[in-house]
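Below, chain A partners chain B and then partners chain C, in two separate complexes.
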Partner chain A sequence: MKLTKTLLATSALVMSAGAASAIDLTFVSWGGAYQKSQLEAYAKPYMEAHPDVNIIWDESSAEAVAKLRAMNEAGNLTWDLVDVDAADSFRLCDEGLAMEYDPDELLAPADDGTSASEDFGAQIVNACYIPQIVYSTTFGYRTDLVGDTPPSNICDVFDLEAYPGKRSLEKRPINNMEWALLCDGVAKEDIYDVLATDEGQQQALAKLGTIKDQVIWWSAGADTPQLLADGEVVMGSTYNGRLFSAIAEQNQPIGMLWDAQVFSFDGWVIPTGLPEDRLAVVKDFLFFATDTQRLADQAKYISYGPARASSAPLVGQHADLGIDMAPHMPTDPANAQNVFYYNFEFWADYRDDIDAKFQAWLAG
Partner chain B sequence: MSDTTDTGPMRAADGTPLKKSLARALRRQKLRALALIAPLLIFVLVTFVVPIADMLFRSVENQIVSDTLPHTVRLLSSWDSSTGETPDEPVYAALAVDFQAASEEKNHTKLGTRLNYENPGLSSMFRKTGRGADDIGKASTKRFTDLDPAWKDGATWAALLGSDDWLADMAEWSKDDGRQPRFSPRAEAASALPMTSDVYTAFARVARTENKKSAVETKPWPVLYTALEQDLATASPESLSAVNGASAGLLQAAGAAVPGFEPISYKDAFIDIDKGWSEVDSWQTIQSYAARYTPGYFLNAVDLEKSPEGIQQRPEQQQIYLMLFWRTIWMSMLITFCCLVLGYPVAWILANLRASTANVLMILVLLPFWTSLLVRTSAWKVMLQQQGVINDILVWLGLVDDGSRLVLINNQFGTIVAMTHILLPFMILPLYSVMKTIPPTYLRAAKSLGATNWTAFWRVYFPQSVPGIGAGSILCYILAIGYYITPELVGGTQGVFISNRIAFHISSSLNWGLAAALGSILLGAVLLLYYVYDKIVGIDNVKLG
Partner chain C sequence: MSIGHPEIPKPSLTGFTLPLMAVAGLCLGYVVGTANGQPLLGLIAGAAVAAALGYVLASFVPDRRVGRLGTAAVAAIAGLLMAGVSGAVVGVIIGLIVSWFAYWLSTGDYRSTVPVYATAGDVLWHNTFKLICGLIFFFLIAPIVVVLPLSFNAQDFFTFTPEMLAFDPEGYSLKHYRDFFNNPDWTRPLKNSFIIAPLATIISVSLGTLAAIGLSQSHVPGRRAIMAILISPMIVPLIISATGMFFFYSKLGNWMEGNLGLSQDFIGYVKVVLAHAVLGIPFVIITVTATLVGFDRSLTRAAANMGAGPVRTFFKVQMPLILPGVISGGLFAFITSFDEVVVVLFVGSASQKTLPWQMFTGLREQISPTILAVATVLVTFSIILLTTVELLRRRSERLRGMSPT
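Coming up: the complex of A and B.
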């Protein structure tokens, strides 16, 4: 009797230990330097502290919304945590594909005790979105191809006389339409009212039309740095982190044009329908990965601003180059003199409509 | 001959008519053959045909509107949008019920996304209304709970709307038993209080799916009070008194009190939350897309749209798909033609060289085939761009001025060059395998009979290579028509295909209905071309080897 009990207890123990040692979590991210920054700043430290957790990366963030929807329909969820653009998090939340959460319960408070919801502030753009970084879409230019007066104003992009040569712009209306209206004399605060009307959209397209035959349209974030490095374009828009790595890590003759940069956010969402045990591990990871120090650590590897207010003072030097990262952050006061914030509500409504017009205009 | 006719039908050894016995044997053989291919057939059906059919079906599917707003849609069908007036109060009251129920299950934002494809602005209107939806039911909730605190109880509602069987099952159920018993409504309550019964069915379903608490113990949704108040206002006293069960007394009392309640204007409530609800336009969209199946996606895919005046062309600045279909078709034809012109001589040389030399050359043909598509496409970028290899050489040779370098990429030319290169092996291989079977003696015979080189080729050799041309062309064309990565990378704005838009709608805009419609049309176009090819050339004339 006693023997059987001991045997049973031992086997139960072994089984539970076996179960605990075998948690593989699949995280979805963007690949490249950004995923590396996540790996170095929080995935590796977390795995060192929890040897029973193994994190596998899937570089599918660009198609995360479509894939999550397909997984949901098939009833076969294979992802545990997904890194998405804040705009995509709206759609995932709307479709019920991402889980709603309570910031103060899930996320760590700041070191001085400020609650997470206050520390992240407006960055928690919807009920499902767990913020990580602020990035910006802005312009870079070839320092050797722009003459003695480098561009300092967003409207220099539209000035073919002062800055002749090709430009690269993203092959979608978002950001381009705002810049076009701004440079066509629309006041910054009126832009979205104007852009909601058909005339406003035509006005923006007409302004873009003035440089249309000098534009190379990109669809991958790596295109513009490549085009700049090859001298194919004199200036082009892309994510600021891409430009930073071209300038600081690859020593390309590229300068930053921060004027009218568009701030946007990137963060995690938890897919709906995770089993309890996996959800518990994911929550534990998130608590760790979004605390003040971890978000500040991430800035050692990539020039994106930490989403927490309390992380900003902790931003230090680049992990390999040893240069100060603060001046390269889009949120640095010197860079953030004139910024746009990605207007999620507006683009959620008008994205498809304006995109149809934009694509027809491009193809015409 | 004549004597066989009067001996009757021929018989097999066992006496059955020979015809019958033969047919039986054949049938058995066929069944055996079918059983042999069954695994493959089932595999293809399950992994290929069914998913594709399901995807294409989305091009007409539109259940979401009537599933999410069932009561509203029913009342809205009699509304006349041409009066320029928004619908009457009862429609808003039904909306109050449907919308709250939808927001409990987070379905309202899905519907908003769906309707936003037709009318930009509805997405945020639905999201915003969802945030305010809880307030809509507050007034009714207060009225009932003031009347009798028992209305706060989940058990009151369960006893009122659930069948006796279900209540008995629920009383026995505990969380350890697994799933809750499936809800069945109380028949008298369902006929007296139709809307409330519908909402409670949804409520019980959600409690069952979440399976955390019994439906009887779960806090009732506020929308139940809204629905009950509306049902009681219209229910006849007889039907109410027919409702039995533990909550019958409460219901009688509430039924007597409801006529004394001041009517709630849900219209004002909705317009307070978002003024979009006061616009005829928003309602028109809901009404036009209320049907369970819609031609809307297909209309959109050919640059048409549904409007109150009937089907009409979309505004010129939004027309894009027809143009892209034409571009895809003619550019694919051009690419196929380029492949043929370049591939034919190569295949001819391969087929007529000594085997050892031919094998080396064959590896050269196949080599790009084994390289990643992205690598090959990127290599073309390096070659063709303005600061690229070809332009550099032309400038160095002095053929082109440094200031006016040729634009060879990010246009149609780029797409044609890169895709011709990528698809070339698909043309060469079938051509080669057909040419290999043409005996060289035929050409020699033709020449010895006095034909010139050209006549011998054109009259003797070429006709025999036509099956290879057919196979290669069909392969290249069908592959070209569905390409999207290469056009996306090197096509700029003028060199993109319809597949790029399909990919965009699948992965980016999530308008799967439109993507499915575009895909169906593309599939139809390919099948049509295949049919035409069969009529003109004959599909028997296609050989892969």
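Coming up: the complex of A and C.
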């Protein structure tokens, strides 16, 4: 009798433990310092509060669209939450691969009671996109290779006489075309009108052509910091957080050129088709991870601006170095004197066409 | 006149040794001069110094050891004065090479490995051939050797820093190795690789060996067609196999999850192990088939005659004799799985992330020297593995009296 009872009790215990057993969630992000900031600011605190949740990271955000399409076709969804560029979230949302959500129901209100949809404001660029950060694509330069007057204007990138040497630019038309037109005398407010025409595109490519043989084209965010550290380029574009890390954490002789930086957003999307139990945990995580304090915490680890208006005053000091993070944010007033906003509508309409022309120009 | 003669081993000093030394000096001087921004000066100084050195060593310093150490010491001091510690190291290396070259020419050593009747042309070709072989080895090894010192970089970039070049201990660090062994981003893939590769190897060795033995029987119908199909994973572009496997194993995984109630994590490992086993099988089949060619079939008949069943014959007679082929096939299968990145990217999910996968994403997202530390560890591991297997193979051959020596 006693034996049976013990056995029953044990098996009941095992079964209840099984029911509440650990759940493995796979989050997709970009790797590197950015993923580390997500881990430290909210994934670790969340796992500490919920020991039954284990988060596994997949650094596949760069191929998120293609992989989600393939998973959808094969009926084999292995991702639970995906970090994507705002531009990619449009494609995923249109194709129904990302889930639409209600901001005021899913996301926490600000501490003063402002609703989430108001606190995030225009950053919620579509019905699927859950904003996290604002980042910028901008230039860094080698302080020891630019002489006595460091570059302060975006057009210095195109000035081979004042700043001889190689530059690194991203191997795609976005941002490069805008910068080229701006430095070819097109007024900032007219740029997208000009770029919509074939002549405008040729004008931008012609301007890029003046420095083409001095350009090293990059495709990964880590390339430009590496090239700058090697002294292979005198200046190069990349994400501002990468440059911050090279300057502040690696002590490289690199300076920031904030002029005409291009703002863009990065955030989460929930893939369509998650089973109920996993979806519930993901929603719980998102409520926690996008609240005012957590987004402000993220800025301790990387110099990207929090997407919530209410998080900005809470941005403090770097977690290890103890330096004030506010002056390194792309959104800091001193840095944001001349800013471009990534134009989602324009690039959604023209991307394929201009991409093809740009690649043909590169090969020619 | 150019026919070699054992009684005249020493070549002419002014007509042979000195001009060749000058040419060598020209090349070295040009390299050093270019590095310092004065190629022309380097060219002339290099030629003059090398010729003078050749003359001094050949005429006044008959003792090789004294000559070579002396040259190295002088070059080291010159290097130290010019460029600090790193200059001294470069100086020692250049000094040793140049002095070796001087003695090699002046004492007639360059003829020592060719028969005495070889013509000048033969000798020239013989030594050029050796040089070409050396260059090919350099071409194969240099890219691997370059990453070794970089993995000790104290900075987070793939760059030889000025501190490293000056051999300043500050410029070196083991932190990337610490990162590799402590960071879960790397320990987890390491563990996964060591789970997946051995299991895939066991499966491909068992199936591949059986297939090879079956296909070596002359009475099997359609042998060539079956062989071609089994080898195809090696020939079809990997990206094509990977796409196909992705869809095939997705369905298989869904079925296992739905009907057998297995956990997603476990199914993930099964999928990757099976996919890697498929990639490894062709290697096993090819190596085992090759060993079976030399296998004497009358041995199996003899065993059967003595009353042994087929299974016993296989394990007691056939297997020991084809073991070298099985082992080298297994090694190839292991390395295939251990190095594989394309298929696992498609078939695996993040919890099956292997080392090559992590290195691939690491290179793309964050150019971190931890990747070089991993590469160094893996190169060392491969060398140890191959050496061990080769030693074991020689030992077993010696024990069975198969080795010709």
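Quick note on the criterion: the second predicted complex is superposed on the first by the 347 of 364 C-alpha atoms of A that agree within 3 Å, B and C clash if a C-alpha of one lies under 4 Å from a C-alpha of the other, contacts with A are read in each partner's own complex, and residues count from 1 in each chain.
The rule is simple: contacts are C-beta pairs under 8 Å (C-beta built on N, C-alpha and C of every residue); 3 or more make two chains touch, one makes a residue touch a chain.
These numbers were taken from a predicted model, which means no experiment stands behind them.
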Exercise for the section: Classify the contacts of A:230 with the two partner chains as first (chain B alone), second (chain C alone), both, or neither. Expected result: both
Exercise for the section: Go through the superposed model and pick first if A:193 touches only chain B, second if only chain C, both, or neither. Expected result: neither
Problem - Touching partner for A:324 - first (chain B), second (chain C), both, neither - result: neither
Practice task
Tell me which partner A:102 touches in the superposition: chain B (first), chain C (second), both or neither.
Solution key: neither
Practice task
State whether A:111 touches chain B only (first), chain C only (second), both chains, or neither.
Solution key: neither
Practice task
Would you check which partner chain A:216 touches, where first means chain B only, second means chain C only, and both and neither mean what they say?
Solution key: first
Practice task
Figure out whether A:59 sits in contact with chain B (first) or chain C (second), or with both, or with neither.
Solution key: second
Exercise for the section: Applying the touch criterion given at the start, work out whether A:30 contacts chain B, chain C, both or neither, answering first, second, both or neither. Expected result: second
Practice task
Could you tell me if A:144 is touching chain B, chain C, both of them or neither one (first, second, both, neither)?
Solution key: neither
Handout entry: Common interface residues of chain A - those touching chain B in one complex and chain C in the other
Key = 62, 230
Practice task
Within their complex, state which residues of chain C touch chain A.
Solution key: 155-159, 185, 246-247, 250-251, 253-254, 264-265, 268, 349-351, 353, 361-367
Practice task
Could you pull out which chain A residues touch chain B in their complex?
Solution key: 62-63, 65-66, 69, 91, 93-96, 166, 171, 196, 202, 216-217, 219, 230-232, 345, 348-357, 359-363
Practice task
Over in the complex, which chain B residues touch chain A? Could you list them?
Solution key: 106-107, 109-110, 112-113, 116-117, 120-124, 127, 317-320, 323-324, 385-388, 410, 488, 492-494, 496, 501, 506-511
Practice task
State the interface residues of chain A toward chain C in the complex, per the touch definition above.
Solution key: 24, 26, 28, 30-33, 56-60, 62, 70-71, 73-76, 78, 220-223, 225-226, 229-230, 250
